[in-house]
Amino acid sequence: MEYEKILEDIAEDVLGGPPEGAVADYISELARVDPDKFGMSLYCLEDDAIYAIGDSEERFSIQSISKVLALTLALSIDNEEIWERVDVEPSGDPFNSLVQLEYEEGIPRNPLINPGAIVVADMLISRLESPKQALLEFVQSLSGLDDIGFNETVASSEADTGHRNFALANLLKAFGNIDNDVDEVLDFYFHMCSIEMSCSELAQTFAYLANHGRTSGRTGRIITKTQTKRVNAIMQTCGFYDEAGEFTFRVGLPGKSGVGGGIVAIHPQEYSVAVWSPRLNEKGNSHLGMRALELLTSRTGSSIF
Amino acid sequence: MEYEKILEDIAEDVLGGPPEGAVADYISELARVDPDKFGMSLYCLEDDAIYAIGDSEERFSIQSISKVLALTLALSIDNEEIWERVDVEPSGDPFNSLVQLEYEEGIPRNPLINPGAIVVADMLISRLESPKQALLEFVQSLSGLDDIGFNETVASSEADTGHRNFALANLLKAFGNIDNDVDEVLDFYFHMCSIEMSCSELAQTFAYLANHGRTSGRTGRIITKTQTKRVNAIMQTCGFYDEAGEFTFRVGLPGKSGVGGGIVAIHPQEYSVAVWSPRLNEKGNSHLGMRALELLTSRTGSSIF
Amino acid sequence: MEYEKILEDIAEDVLGGPPEGAVADYISELARVDPDKFGMSLYCLEDDAIYAIGDSEERFSIQSISKVLALTLALSIDNEEIWERVDVEPSGDPFNSLVQLEYEEGIPRNPLINPGAIVVADMLISRLESPKQALLEFVQSLSGLDDIGFNETVASSEADTGHRNFALANLLKAFGNIDNDVDEVLDFYFHMCSIEMSCSELAQTFAYLANHGRTSGRTGRIITKTQTKRVNAIMQTCGFYDEAGEFTFRVGLPGKSGVGGGIVAIHPQEYSVAVWSPRLNEKGNSHLGMRALELLTSRTGSSIF
Amino acid sequence: MEYEKILEDIAEDVLGGPPEGAVADYISELARVDPDKFGMSLYCLEDDAIYAIGDSEERFSIQSISKVLALTLALSIDNEEIWERVDVEPSGDPFNSLVQLEYEEGIPRNPLINPGAIVVADMLISRLESPKQALLEFVQSLSGLDDIGFNETVASSEADTGHRNFALANLLKAFGNIDNDVDEVLDFYFHMCSIEMSCSELAQTFAYLANHGRTSGRTGRIITKTQTKRVNAIMQTCGFYDEAGEFTFRVGLPGKSGVGGGIVAIHPQEYSVAVWSPRLNEKGNSHLGMRALELLTSRTGSSIF
């Protein structure tokens, strides 16, 4: 009800202005997406219901949003190892990613930047028999859906153009922070990023972060309350590339964006929300997505500040 | 009541363990402080009352906590200029401070790291006739006290040992981001850091950040609601040197620490809190201060995550 | 004669002291070498003769010395392209290799550091039909020998451990400064480094750099006089990792070292010289090799300073 | 004779083309210099005579050329200390100067870059009673002139604009590699750079580097043969900011340039040479000065490569 009206107002507002920003075009599959798509879905804990608007049921490439899922899966397996291999602090600008990795001797600043997520991927490969299958099953258990899958074309395109990721992974390997074969790790990493979901599916999937680590469905506890707090805290300080401070100010919720134009955000104990609009601002985050979430927290008074 | 009991429990808990960490000793005035001091004060918005425990009325050197006050004063004068000269994003590790400044051509990452606060100081000098006097009056108006002052011995000791700050200020000047004389800017900056306040005075002073920019007293609005949100967001992502992520996780509130062992934190619409314990952890933040605030948000359920 | 005596004196001197330094052990083939090997050979232009001592006829892995040969081959094909893709200035410390590459947007500082040699390898692959075969034939034409070859075990061991080189090559590729497949480029690069030659063969092979670009044999001109000057100048300023200044001071000749323990040096118009001793100093250059060359230039008065 | 003709040819050649490059203008005294000045002087060891052409007797600001004189004076006092505080290796690009200093914990890469020369200045202040007077007397003893002096206007202008040097000096101080007051050290450093000499005076002054450390006059030995070799080696690898490799290739002699448009170069056992032309190329070295020296070594066949 309330949320229905709020989402309608948001959609009207954000779709009213002239289009800004550009679709990611470093791989052709992402470039082909209709730039004017806009969808938004909010899962309300109290109502146990999804409120949605626009292209909320259309799947898109979740890209870096998957880093939160991979981290959660890793935490659910072993809470210790990952924090010995990855830090939890924000990083500086992207230029410094290789510099910092070099200076900090192969320990990535946090698990939501590429080198950190690559280490998480490596750990999952070591711990799981069929890591790709296991990750899909994990996402399926969170979402209650059984047809979540990888986009193989996207995954292989990422592999063709991801030279900087190969550079990072090899540097990590040189520092001894990658156990498996670099190609295998990155194959898994690129597949992870190629998962496709809709806004409503994402809102449902990420509900556990609003709910102390429990899904709303029959799956129950995914990670502990403390682990959930940790994941949310990392999203708050590190979820938006070089715009974490800006997002924290404007939206005031922990969240994570992807270059496919998706963003998920969490209001602990209240809701999980996902928004999709493929045009990105110059920092690589969805232009309208950020605007929509800013309006959401303004209108619901739910910013934490 | 409730807070009274909570503070008592916290004090008992944190004072029960063996002492950890060491007092900052790079200037003798700080080194001379009794390392076992512990005070904590919480200003509750609803009650318009201060709850305090321990050495809560003893003044100490607030050091970098003053950066928030200087930023607030600058915002109250002009909301635009500072954001043209300083960014709002977290920085990486301390090693990178000069590197980042160099790469980003003299634009500090945020106003709570030293180079950012030095630019804020420069702006205040340009805008105010007697900047030191004006800053004291501003803090006095926030706190309702008229005897807040600088510790001249601390200020001049900082000047004697602050070579890295002179390096930063001169690099900023080389990039054209300091208008005034470097010595004058740093003299003001070191004075700013030498302000002495007690926990209760700090809790009272920072109440405006919990109250949409308004003091509880007769002074009224200091900065706008949006500016307040901005300051809180910056504290959330950048307030703890290289431990912002850890503080966000453990405490889950925007805050700012100083090497004097003080920390202030804000629960918007609820309370402002200050804690003091001079022993610092290896990242330079008060060991027991962090622990005390973690206990506070655990027991009140007031973490944002 | 004169040189014969000088080499004898040098051998006596360097072999008299206690062994210092350690053999490179990052791949097992290099680690297996007898650390006490010592050989030295000098090709005198005037006499058109080789003077040699010790294990001067035993082949070893020339490693980075091959970078000079690859650069020469590239120059003999096209003098322009390589200087558009690689600079000619010394680099700072090894830590900065990735940093500098990042800052200078994929243009390596010079062709004798790894990223520069990788770009040279890429260019050779683009220009030559069978680059490995062509490189061997080129070296054979310089040396007058037809049995120079790669050590496949060394090459594949390098590939297994060369994560930092994969990082560099992928970063170069991300900046568009590698045209071919990274694996193919590094396969060629690792083969290049695996060439095995003896001191006498190296002295003969590098004679062209002492002789304005001409071999002593029937092959004739390899590169122009100006190109020869360029190669020598680059060896002078960049030939010894982070010890170029020290080598320039102690030996005073352009030269290039390899982690196999070999060093070649050139006295233009006078001689080319090669020395081999597998124990490396902490900067990665042959400990006795540097000492032997220092004695050579001291005794012949042939340092340029 | 021979040199007379060669200098005439060089002057004709370099002055024949259209002017290129721009005079340093960061301080007004340098900007006021006539950009078309050109002078060149060569001191021939064998003849004990100076050959000169053009504006060879007009004094100009020697700027960074003075770093070699300060280093020599420091070596003549104590050969050990300086090498504990400064390295002898080339540095990378200028961007990295602060980065490298930070990473290498306050040890400058070499004594001919600004941080290295600042450390040399600090050492001279500690060792000499009246360092400014002592430096002038030292230069007077090398040159045989008694009216060499500082340009106070230049020195104080440098102090007004040298923010980056203040940044470097304070960072060095923070690392404990400056013993004296930063302002005092930089005052000496800026005075050192403000010395004014003519080409002929420079050629005479630097004769000791061509003569194993001995002046041609009655002063005799300045530094040892080994120290001389060290200074020349450092000039060879580090004397030209980010163009050391290019100068080594084109000229092939150890040398040092200054932003006043002067360059000195040394052919050990043969000659010392100074050239002056104020227009600088984009790397900050005299455009015609480099051309003139390139012609000199081409025509005399005296390049070392």
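As written, the chains take the letters A, B, C and D, and residue 1 is the first residue of each chain.
Here is the rule we use: contacts are C-beta pairs under 8 Å (C-beta built on N, C-alpha and C of every residue); 3 or more make two chains touch, one makes a residue touch a chain.
None of the values given here were measured: they were computed from a predicted structure.
*Asks:* Would you mind naming the chains that touch chain A and likewise touch chain B?
*Replies:* none
*Asks:* Could you work out which chain's C-alpha centre is the most distant one from the centre of chain D?
*Replies:* A
*Asks:* Starting from the mean Cα coordinates of chain B and chain D, work out the distance between those two points in Å.
*Replies:* Whole-Å distance between the two chain centres: 48.
*Asks:* Measuring centre to centre with CA averages, how many angstrom lie between chain C and chain D?
*Replies:* Here chain C and chain D have centroids separated by 32 Å.
*Asks:* Rounded to a whole Å, what is the gap between the Cα centroids of chain B and chain C?
*Replies:* Distance between chain centres, rounded to whole Å: 56 Å.
*Asks:* Out of chain C, which residues touch more than one other chain, so two or more?
*Replies:* Only 95, 99, 103 qualify.
*Asks:* Between the chains shown, work out who touches whom and classify the graph as line, ring, star, complete or other.
*Replies:* Per interface graph, the chains form a ring.
*Asks:* What chain pairs are in touch here?
*Replies:* Between chains, contact exists in these pairs: A-B, A-C, B-D, C-D.
*Asks:* Can you list the chain D residues touching chain C in their complex?
*Replies:* 87-93, 95-96, 99-100, 103-104, 109-110, 228-230, 232-234, 236-238, 242-246, 248-249, 252, 254, 268, 303-305
*Asks:* Which bits of chain A are touching chain C when the two form their complex?
*Replies:* 95, 98-99, 102-103, 163-171, 173-174, 182
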